[in-house]
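One structure is given here, and the rest of the page talks about it.
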Amino acid sequence: MSLNDKSTSIEEAVARIPDGARVLIGGFGVPGTPFTLIHELVRQGQKNLTLVKNDANETGMGIDHLLASGQVARLITTHIGLNPRAIEMMNAGSLDVEFCGQGILAERLHAGGAGLKGFLTDIGVGTELTRGKPQHELNGETLVLETALRADFALIHADTADRFGNLRYKATARNFNPIMAMAADCVVVEAEHLVELGALASDDVHTPGPFVDHLVELGELSQEYGIVRR
Amino acid sequence: MSLNDKSTSIEEAVARIPDGARVLIGGFGVPGTPFTLIHELVRQGQKNLTLVKNDANETGMGIDHLLASGQVARLITTHIGLNPRAIEMMNAGSLDVEFCGQGILAERLHAGGAGLKGFLTDIGVGTELTRGKPQHELNGETLVLETALRADFALIHADTADRFGNLRYKATARNFNPIMAMAADCVVVEAEHLVELGALASDDVHTPGPFVDHLVELGELSQEYGIVRR
Amino acid sequence: MSDANSPQAAATAMDPRTRMVARAAREVKAGMVVNLGIGLPTQIVGHLPAGFSVCLHSENGLAGTGPVLGYDQADRNLIDAGGAYVSTLPGAAFFDSLTSFAMVRGGRLDLTVLGAFEVAENGDLANWRIPGRFSPGVGGGIELAQKARRVVVLSTHTDRKGRPKLLERCSLPLTAAGCVSRIITDLAVIDVTPDGYALRELAEASSLAAVQAATGAELALPLGEIPRF
Amino acid sequence: MSDANSPQAAATAMDPRTRMVARAAREVKAGMVVNLGIGLPTQIVGHLPAGFSVCLHSENGLAGTGPVLGYDQADRNLIDAGGAYVSTLPGAAFFDSLTSFAMVRGGRLDLTVLGAFEVAENGDLANWRIPGRFSPGVGGGIELAQKARRVVVLSTHTDRKGRPKLLERCSLPLTAAGCVSRIITDLAVIDVTPDGYALRELAEASSLAAVQAATGAELALPLGEIPRF
């Protein structure tokens, strides 16, 4: 027995995404954002996308390019405070933004990835953050029903991948990547280093290979991956 | 700033468990079962315990000692087929057994650990496995509401721990340990190796230290940890 | 994969039990993620071509399971879900039970091969509990049966007392409803279709009459000659 | 910890803003797991005694956060939740966002220190949204406010226009209801009690009259002399 090789070209991997797809995008700020996959998505020009991402990056970085090119119809996110374009588009009605608490977004993705349908939580009960969400009584407590979130695609940034798709992340570049890598029908990974089978110790894998569909090895990293001096 | 040392003696750590406590116990078969902590619990003799464990181990091993000593009132588990005593006690009515699907047990513990109250799933709908569980309609689908499971204590077996309680597990000895280590008010860990702060790389931690309360270093391992020849 | 057909070539020399396992091995396609149930299904590993591209999932937290090891090579921390001491392939990964079942319920399991007490012609599966006699708990069985993309049952055609396991309706408590796609037995390969059971293949030493007699429900027959395995 | 009191000793030379941060640093007890909100609260790090035993949690996936680094020492993959390039302590651990918020909601966060737009005398906190003007999303704020074992607000006593932030009721959308235990400002330390606001301490350059004038709700006074910080 052996494990199969999932490496492919970035053009082929991203070309699987159709117009109207829902796409999860890893990253919290710069670390863990798949900038190269995002650029390819801009280049290919798929339209009417729904993105799920912790934040909207900053002007001129990451998904801001997809906002600028008009490819995004809807954004499910926790915070867009560092991207004036996103705020402006939201206020102008040209971008539909759904806000979600950060840990609740993580759990909604976990539920989607784990094949669950939703979960009950007391987070946000009685605040406008849960307005319109179905409520549920349990043991005399009023709870909110948060629904599972799953997508057609996930775009993931990893530090290292082996050819089967076992992934490792670096430091706080992990963030939403492992959760999103479990919550999409087709998971596309860009990895800074692509290594042979067996090069990652089985105890050291952050995302197991069965969750991953397509792997792209990054060459030299673009400036977007670097330190942001403010 | 520095991180605090949580190492203690096994007597002190286990003595915190009172009669009537609900205790999560890691392990799937032999690997990951905290045999030494279980032996100390037998020695101290706390009564009327509710245990949550994937399986009931085998005769003369692990929680079978707690069953034999009459310390267990209730067992929440997925499978007890390898322990005739557990089956016999269940059939005789001297042990209250609640069966749970294995992945559903994992998710109930995750929900408990993550401060959620329950989740909706289609697993087991229409079978006797979900009989008596509250049902919930969502988007026209009949689902079961599974409730969060949390406990007073968790007894965890790790391969390596640093003094702050960052843990690493070996191979399939991981199983329920990381989930249970997140789902109890007081988490007691036995570790085969106790190392200094900084000895575990931050990217290589399986269970982060903030979840852990007390650490016990194991000396020479008892026979129970070894290979079982059938 | 030049040796992909060698197990079948060797099948002529097999006893019926080995033959059904070898037949079940042909359900495993290259690149699949597969969970093999305890008992007969785990023996499928021995019938896969050398170097065959497949990722075996063990629900206790392992993807990339390799063959079973002797006690002398065994790692005390490394078992499969049936408790066997196994090896791992290059590229194997360990994970916790939460991740393991997320893989199952999230749709990442292409195939599971399971044993059965009873199967019904609508695909219902009963393999976990015989009331009053055998109640060890369901383990991970429900989730495997309900959520693997394809469920194949590998089982003797009848129970120890010779009673059919393939029925119109299950009498035992269900593991999961309508989940079974195919049943491979010592006598035949039978699919569950919207119209009930459909015979696909006959075992070498079997006959149509023997299969019909041992099956507790109607059996649609293929047009033309029935293939043998 | 022989130098545990040095920050307070140095406080006499501090401006009011630095002084309130130094006062807030005294809320951090040895062995705690603490999340410091963006802005003023993160400055608390600079006021902890050298070697102080504390685990700082950053909700983007880090426990054991160390001091902020200059750009030349920064690791491009290592930031805190506010985007600052931070260091890590020996024994720090990285984890994903799911684990990070399980830590918060599961009760493993002993303390969070947060900023505020408004606080109410029943402990309600509003710090995420000013309708029509400032709506960037709540991030991890709700969960921190609702689930940390203790929530301390660190904020100027009034907003930029001099209006009180401590009110009878919040007018802005709530982050979480009834969550705040203590408010530390440039003027005072005030606790939220079942009977409303209770003054505990006055800043060195502050006065009772100044605090009362800048507070939008009734303020219970301590018996005897009011301690200074």
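Letters A, B, C and D name the chains as they come in the text, with residue numbers starting at 1 for each one.
Criterion: contacts are C-beta pairs under 8 Å (C-beta built on N, C-alpha and C of every residue); 3 or more make two chains touch, one makes a residue touch a chain.
Because the structure is predicted, anything quoted here is derived from the model rather than measured.
Minimum number of contact steps separating subunit A from subunit D: 1. Shared contact partners of subunit A and subunit C comprise B. Between B-C and B-D, more C-beta contact pairs join the chains of B-C.
Centre to centre, using the average C-alpha position, subunit A and subunit B are separated by 32 Å.
Averaged Cα coordinates give subunit C a centre that lies 57 Å from the centre of subunit D. If you average the CA atoms of subunit B and of subunit D, the two centres end up 35 Å from each other. Of all residues in subunit B, those that touch two or more other chains are 103, 107, 110, 114-116, 121-122, 169-171, 202-203.
Across the assembly, subunit C contributes residues 62, 94-95, 98, 101-102, 104-105, 147 that each touch 2 or more other chains. Every pair of chains meeting the touch criterion is listed here: A-B, A-C, A-D, B-C, B-D. Residues 103, 107, 110-111, 114-122, 136, 138, 141, 143, 145, 147, 168-171, 202-204 of subunit B touch subunit A in their complex.
Subunit D meets subunit B in the complex at residues 30-31, 33, 45, 48, 51-57, 62-64, 66-67, 88-95, 98-99, 101-109, 147. Those residues of subunit A that touch subunit D in the complex are listed here as 28-32, 54, 77-82, 87, 90, 97, 99, 101-107, 109-110, 121-124, 126-129, 159, 169-179, 206, 225-229. Here subunit D touches subunit A in the complex through residues 58-62, 71, 74-81, 83, 85, 94-98, 100-102, 104-105, 135-143, 146-147, 173-177, going by the rule given at the top. Listed in rising order, the residues of subunit B touching subunit D in the complex are 1-4, 110, 112-116, 162-164, 166, 182-183, 185, 196-198, 200, 202-203, 205, 208-211.
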